[in-house]
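Just so it is clear, A, B, C, D, E, F, G, H, I and J label the chains in written order, and each chain counts residues from 1 on its own.
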Amino acid sequence: MLYHISMTVKLPKDMDETTATGIKAREKAYSQDLQRSGVWRHLWRVTGQYENISIFDCRDNEHLHEVLTGLPLYPYMEMKITPLNRHPSSIHEGDQ
Amino acid sequence: MLYHISMTVKLPKDMDETTATGIKAREKAYSQDLQRSGVWRHLWRVTGQYENISIFDCRDNEHLHEVLTGLPLYPYMEMKITPLNRHPSSIHEGDQ
Amino acid sequence: MLYHISMTVKLPKDMDETTATGIKAREKAYSQDLQRSGVWRHLWRVTGQYENISIFDCRDNEHLHEVLTGLPLYPYMEMKITPLNRHPSSIHEGDQ
Amino acid sequence: MLYHISMTVKLPKDMDETTATGIKAREKAYSQDLQRSGVWRHLWRVTGQYENISIFDCRDNEHLHEVLTGLPLYPYMEMKITPLNRHPSSIHEGDQ
Amino acid sequence: MLYHISMTVKLPKDMDETTATGIKAREKAYSQDLQRSGVWRHLWRVTGQYENISIFDCRDNEHLHEVLTGLPLYPYMEMKITPLNRHPSSIHEGDQ
Amino acid sequence: MLYHISMTVKLPKDMDETTATGIKAREKAYSQDLQRSGVWRHLWRVTGQYENISIFDCRDNEHLHEVLTGLPLYPYMEMKITPLNRHPSSIHEGDQ
Amino acid sequence: MLYHISMTVKLPKDMDETTATGIKAREKAYSQDLQRSGVWRHLWRVTGQYENISIFDCRDNEHLHEVLTGLPLYPYMEMKITPLNRHPSSIHEGDQ
Amino acid sequence: MLYHISMTVKLPKDMDETTATGIKAREKAYSQDLQRSGVWRHLWRVTGQYENISIFDCRDNEHLHEVLTGLPLYPYMEMKITPLNRHPSSIHEGDQ
Amino acid sequence: MLYHISMTVKLPKDMDETTATGIKAREKAYSQDLQRSGVWRHLWRVTGQYENISIFDCRDNEHLHEVLTGLPLYPYMEMKITPLNRHPSSIHEGDQ
Amino acid sequence: MLYHISMTVKLPKDMDETTATGIKAREKAYSQDLQRSGVWRHLWRVTGQYENISIFDCRDNEHLHEVLTGLPLYPYMEMKITPLNRHPSSIHEGDQ
């Protein structure tokens, strides 16, 4: 089941460099695990912003919640979540 | 080059059934041609709304404008357009 | 799987009485069928407004979309859809 | 008498772990007491957010105010309160 | 129990004079009955606008809903409803 | 001359308890003096919020400004001010 | 007593030319009478918009309401009204 | 050439008294110089707010920018700037 | 003196084809005259929207108002006008 | 390919003078390099605000992202990015 997620990251201006680098590295590893397992289906960066747009494929709302709140950057993110359906005009097998 | 597009459709309440059916059929054919040619990369419906979320792959802004204004439903749509980049953490080959 | 839905109804001011009465009667019957089958779990009216707040229990996003777009009043409604999870502090068996 | 409440929690980023854990434990106990007594009728979590949606059953506005301002997390919450009525199409005995 | 209500009236520009005058007369009579019975506790006009601000004293949310939807101008009004409490610093006996 | 005022209070989270208690006590005394003198005509609390709704009766805009900026909590308040008129349908002598 | 008023005019697109010309002429005469009598203290046009910004000097809120609702274009205007005070740094005698 | 400016002042809560008093005194002197020279044509306070509404008469946009950014309180202000024209119905010589 | 203008065009859905074509042709001619004379310095289309972004070079606010209200499409446009200054870091001679 | 960018700068109030001066100098040098190379096509200041409006000419979205995130002031900016097209009525060779 698909969800459209936009995530905007707001790191505190006074977070020290080492802490920031560490969180970002863990975020990248976590994200790539989820991409490999098929849960994080698409991931794009919004041009010029510290924001991404993603498509998640989860079993249900509980699964999505667990995955999102596990993000190392989660405490610094604002999220907008939109449930998606297959579009009747889509011919792409993956759009579901 | 990728763009994220959300399209909300507002057909006039007094549009007659035949006209509406005709426009929607032309819209579907137009959309599927663009999907086959690789321009309309993804197409999802927003759950419970007369709205879709799409990813377009165009040569440049001119190409995108031409494609969008050619939509049979274009006069009845509100659009929000967001330029996208490949995300440095993405491992999906298609996310670019 | 639960969803929180708010529905605001805007009937055209010039809809004739008979048509309006007919749609509302079909809406009521449709709603009560869904309540009996367990899909429409809760239904409240917002005080002083032509608006309701509801909890739906659906198999997935596709199921929810099908149920909502089948509402006789759907063409005259604005909807806001929010996916829900069981809350870890809830002790009510039904809140899931 | 029913009220629809949405609560968004914003803990200060610099609140120390022990204090946060303590407040959350007291919040959970307080919430479950109110659920057992029938005042806090429903409690759901909004998927992916630090936010809940609840239905309260109170004697009147004074009762509701007293209950909400007694929440241990109250100083860190933004609330939206909506009075509810029984919906004439509802067949659920509990929706009132 | 008190509620703060703001009502903005938007009569259709093409409503004929006689109809408009009739509705307004019925609205005034209805309003003054409720004022006499103590339900409509205060009624002010917002300077320069076709809008009023009112305080209602009702038994509960059901009572308020019934009273508001009975207004002859109700189909042409936008309403904002805010539940009120006695303020601990108030010395006015009537502010409850 | 009447004005409708809504005041939302936002005390800094790090204000120490003694300072806060002192300001609130002075605010209460100041408010009750103004209520006794007839300037602060009505005072209600918004249910569940740290916000009040009030009706002031002042000689003119200068008088209102002087009274509001004298509030001990003024530096921590957001205010919305709306001039009011007697409503032609009001039968309450005090609503002017 | 001074008020700052912004007025935006929205004439219906289908109003016939003669009616529009007539209303505008009456509006101009009405406005100039009020300017001569000192009530309409200042009147400017917002560059590029069908909107004006004005300063009114009225005895009280009742007077302002009467003057504004008497505008021939009043049914086609949106208004924003802001009470003003003399500024303690002003040296202009007329700014009060 | 005229401009309508609204300025809202937000001094940091922790600015010490002496600094604040100093800035405000310099602001007042600066403002009165500009009023004497005819640049700052009108200056009013918005009732109950730490905000003013002003009319500036400048040679051009460059001149306005220079004057505004020279305000001692400029770093603590939010500004809204609206270019103005003489209104064809105005009879006041100064409204240009 | 420069101004940044965004213009969004909303033609009535029921405007007949001939009228629309005529207005658009007059708009194009008018626009190109102003471009040749140096007043309409830049003109771009917003990708995917019936909206343009322009830079105007006018003697003053009066000149700008006269030019904008003379646009054949003016009655169907929403405008946002922002005064501009030369930027101290600009090295482009034309950016003033 | 052209993009319209508005940048609003919000330096922390407690940034020390030397740091601020250093960043601004690097920003100016960086901006002028991009102007010389033809990437930063136009740069204007918004009158009275710490904000600029710019036109960028980039090969694609990736190029734009790289250029914007390289701005020394980038961490303190809010950006709004709008893709542009040549307007069919433009006669300026450079407007593409």
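What we mean here is this: a residue touches a chain if its C-beta (ideal position, glycine included) is under 8 Å from a C-beta of that chain, and two chains touch if they have at least 3 such contacts.
In this text, all values refer to a predicted model and were calculated from it rather than measured experimentally.
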Problem - Intersection of contact partners for chain G and chain I - result: H
Practice task
Could you work out which pair in H-J, D-E or G-I copies the interface of F-G, where over half of the contact pairs coincide by residue number?
Solution key: D-E
Completion exercise
Separation of the C-alpha centres, chain B versus chain J, in whole Å, is 29
Practice task
Return the distance between the CA-based centres of chain A and chain F, expressed in whole Å.
Solution key: 46
Exercise for the section: Please work out the Cα centroid separation of chain E and chain F, and write it as a whole number of Å. Expected result: 22
Completion exercise
By the touch definition above, chain E meets two or more other chains at residues 2, 45, 47-48, 61, 64-65, 81, 83-86
Practice task
Provide the residue numbers of chain E that touch chain D in the complex, in ascending order.
Solution key: 1-3, 60-62, 64-65, 81, 83-86
Practice task
Give every residue of chain G touching chain H within the complex, in rising order.
Solution key: 2, 4, 27-28, 31-32, 35-36, 41-48, 52-53, 55, 82-92, 94-95
Exercise for the section: Give every residue of chain D touching chain F within the complex, in rising order. Expected result: 5, 12, 61, 64-65, 68-69, 75, 79, 81
Handout entry: Residue ranges of chain E in contact with chain G within the complex
Key = 13, 45, 47-49
